[in-house]
Amino acid sequence: MKRLALLTFLFLFALLFFSQASAIERLRLSTTTSTENSGLLNVLLPPFEKLFNLKVDVIPVGTGKALKMAENGDVDVTLVHARSLEDRFVREGYGVNRRDLMYNDFVIIGPKSDPAGVRNAKDAPEAFKWVALKHATFISRGDNSGTYVKEMEIWKMTGNKPSGNWYLEAGKGMGMVLIMCNEKRAYTLTDRATYLALSGTQKIDLPVLFEGDPMLFNPYGIIAVNPARHPHVDYVKAMALIGWVTSRAGQKIIKEFGKDKFGKPLFVPVAVPNP
Amino acid sequence: MEKQLFTIEGLTKRYNGKTILDIPYLVIKKGLIYGVMGPNGSGKTTLLSILSLLDRSTSGRICFDGVEINGRGNDDSTLRRQMAMVLQNPFLLSSTVYKNVAYGLKIRRWKKKKQKQKIEECLDMVGLVGFERRKVHELSGGEAQRVAIARGIAVSPKVLFLDEPTANIDKSNMETLEKIIQELNDKYKTTIIFTTHDLRQAYHLADEIILLSEGKVSKILSRDELKDYP
Amino acid sequence: MEYILIGVWKAFGLILSLDREVFSITSLSLRVSAMATILASVAGMPLGFIIGTENFFGKRVLVTIFNTLMAFPTVVVGLLLYSFISRIGPLGSFGLLFTPWAMVIGQFILATPIIVALTISATQGIDPRVRLTALSMGANSLQTACTMLSEARFSLISAVVAGFGRVITEVGCALMVGGNIRGHTRTMTTAIALETAKGEFAFALALGFILLMAAFLVNILFHWLQEIRG
């Protein structure tokens, strides 16, 4: 009797476990955590999935890892925002048909009191220079993310490498870094999307102190994994996705995203500027 | 030859350089009750272990009901299934009385219905009717021993071994035990071999007594002869 | 402090509203970990039993190895597995990466050493008389092994629970080889990691409480299983 009960339980369990493996086609997209966290993909992908009757598996990791996965052929297409790394990726033959998709921007946030006077800087490098001079606490991503890459570009422009007790490398995601900044009343470079999203649910007492420098533009690119390198990747479906997100319909979604929640859109479409 | 259950020839057991048993010749007849007596260290338990195939002899030839068993040790479960052993401190599996008595039958793949019948019978024989659902840790020493015996007789063995069955129990339990052994022998003609310290006990129960001393058989007495023994 | 209270509140809200996404990730967590634990038990228990009962050359080394594997960091297991099942790895053609099965394999690797190590110690803790009793009742080697394992059942169930506990709470491996894909390979733990990284502490805590409750229910189930078999 008990044996029967146990067997029934195991059988039902096995049934439940395996029933989830659906026969639907899947397309694998690697992207950054900040892109996923913005919530854009939750709005941008479903119409595509419906149109082509497939499911897009979004794997959110750091920029470096997203590209690495594409390099290894573990995904079919990748969407990141680190232009120099993307260019190298294509140059080395791992990706093909790169399209500019959209951009958002980075902003410098910090304590309301603004001890370094970042508000008055004329460009991003100057803002950083003043932070360094004042030894004001600055928290860096410290990973290979797009944000970190951009941060390093700016530091390079100042001519000095940041170091000292005031410069903290967190090695964490953007959300965590923002919370740390809040705790420590520190400066940091952040993408606007994550900042807006988090300000909604947490009390981030750090206002935007500097924005608008073209250097702070954060362009996103979508690249298909080269089928010549990895024959098994679903190149056709990858191209369909690229087609969708750069189409008038897709770009319109990008243009509208964030308006209702944050008052202003989070991203600016570039493939079709006025969809 | 027909009536011989065990025929032992040239049996020795050596361990760590010490000779524990040295029996040139011994016959155990079917249907009798044997008491094996001797002081501590005389080899009683070892003899029982070897006969019940739980231990191996160092040399010698042993026949069990016409089949040679020497040197087989624990490999042959078919032979061992014709025997049953009740250890000195009987070890019961941690569950209910019923499941313990059923153990031997479960191993022999008896059908559940037949098991139930047999178990009731055996519990009745050892005077533990109604004890089926009792948990083993709730039993007294005497009750536990009777469960072990019930377990042993459930499989209708040709021979039942009991190692110091009366060592740790009180007088009333002792009498119950003697009754059980007697009934078993009368009703089923099971050969019974037990070890003991107690001469009076041996006298009471056994048809024949084997006296062991330092691993050697010093004397074999039949019941009548016992009367003359001081 | 606020986070905790908001977290508990959110947890109830999510459960009562039968939030689909939360349901889906809880279900995936339980399925993956349960499957991994079952496989690890099937592989690990017989292995642990054999190591625990047999004596062979290098036994102590093997036991030490398993004990050490118990402390294997989950991320490292994830990394190693990733290198094997990635497209450019030796097992790449199976397409296992970023599927629930990859997570099952990873957790299997994590759970097995625990179950083996605990089974070894459970086996060594079995009263030696169990084996003797089984043999004396005529059990063959397989039946004897089963009887011994049955006597150790409480310790063995603890071993399984320990294995399950290790895998249902792990994050590093699931994240690495699962990919944290929404609706496909996102488990409770990887979702918590994601939400925490986003700064959504209250939501992360809510998920944490739900995970705790799910694990609690599983442990109750195990406890019930112990009762009915005991």
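For reference, chains read A, B and C in written order, and residue numbers begin at 1 within each chain.
Keep in mind that, in the parts below, contacts are C-beta pairs under 8 Å (C-beta built on N, C-alpha and C of every residue); 3 or more make two chains touch, one makes a residue touch a chain.
Bear in mind the structure is a predicted one, so any value in this text is a computation, not a measurement.
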Highest C-beta pair count, chain pair: A-C
Chain centroid nearest the full-protein CA centroid: C
Farthest chain relative to subunit C (centres taken as mean CA coordinates): B
Centroid distance [mean C-alpha coordinates] between subunit B and subunit A, Å: 79
For subunit A paired with subunit C, centre-to-centre distance based on mean C-alpha positions, whole Å: 33
Distance between chain centroids, defined by C-alpha means - subunit B, subunit C (Å): 46
Numbers and ranges of subunit A residues touching at least 2 other chains: none
Of all residues in subunit B, the ones touching two or more other chains: none
Multi-chain contact sites of subunit C, meaning residues that touch two or more partners: none
Of subunit C, residues touching subunit B in the complex: 127, 129-130, 132-133, 135-140, 143, 147, 150-151, 230
Complex interface listing, subunit C residues touching subunit A: 28, 31, 34-35, 86-88, 95, 97-98, 100, 179-185, 194, 196-202, 228-229
Residue ranges of subunit B in contact with subunit C within the complex: 52, 54, 74, 77, 80-81, 83-85, 87, 91, 93-95, 103-104, 107-108, 151-152, 155
In the complex, subunit A residues that touch subunit C: 2, 13, 16-17, 20-21, 26, 28, 33, 37, 55, 57-61, 72-74, 172-173, 175-176, 178-179, 194, 197-198, 201-202, 230, 232
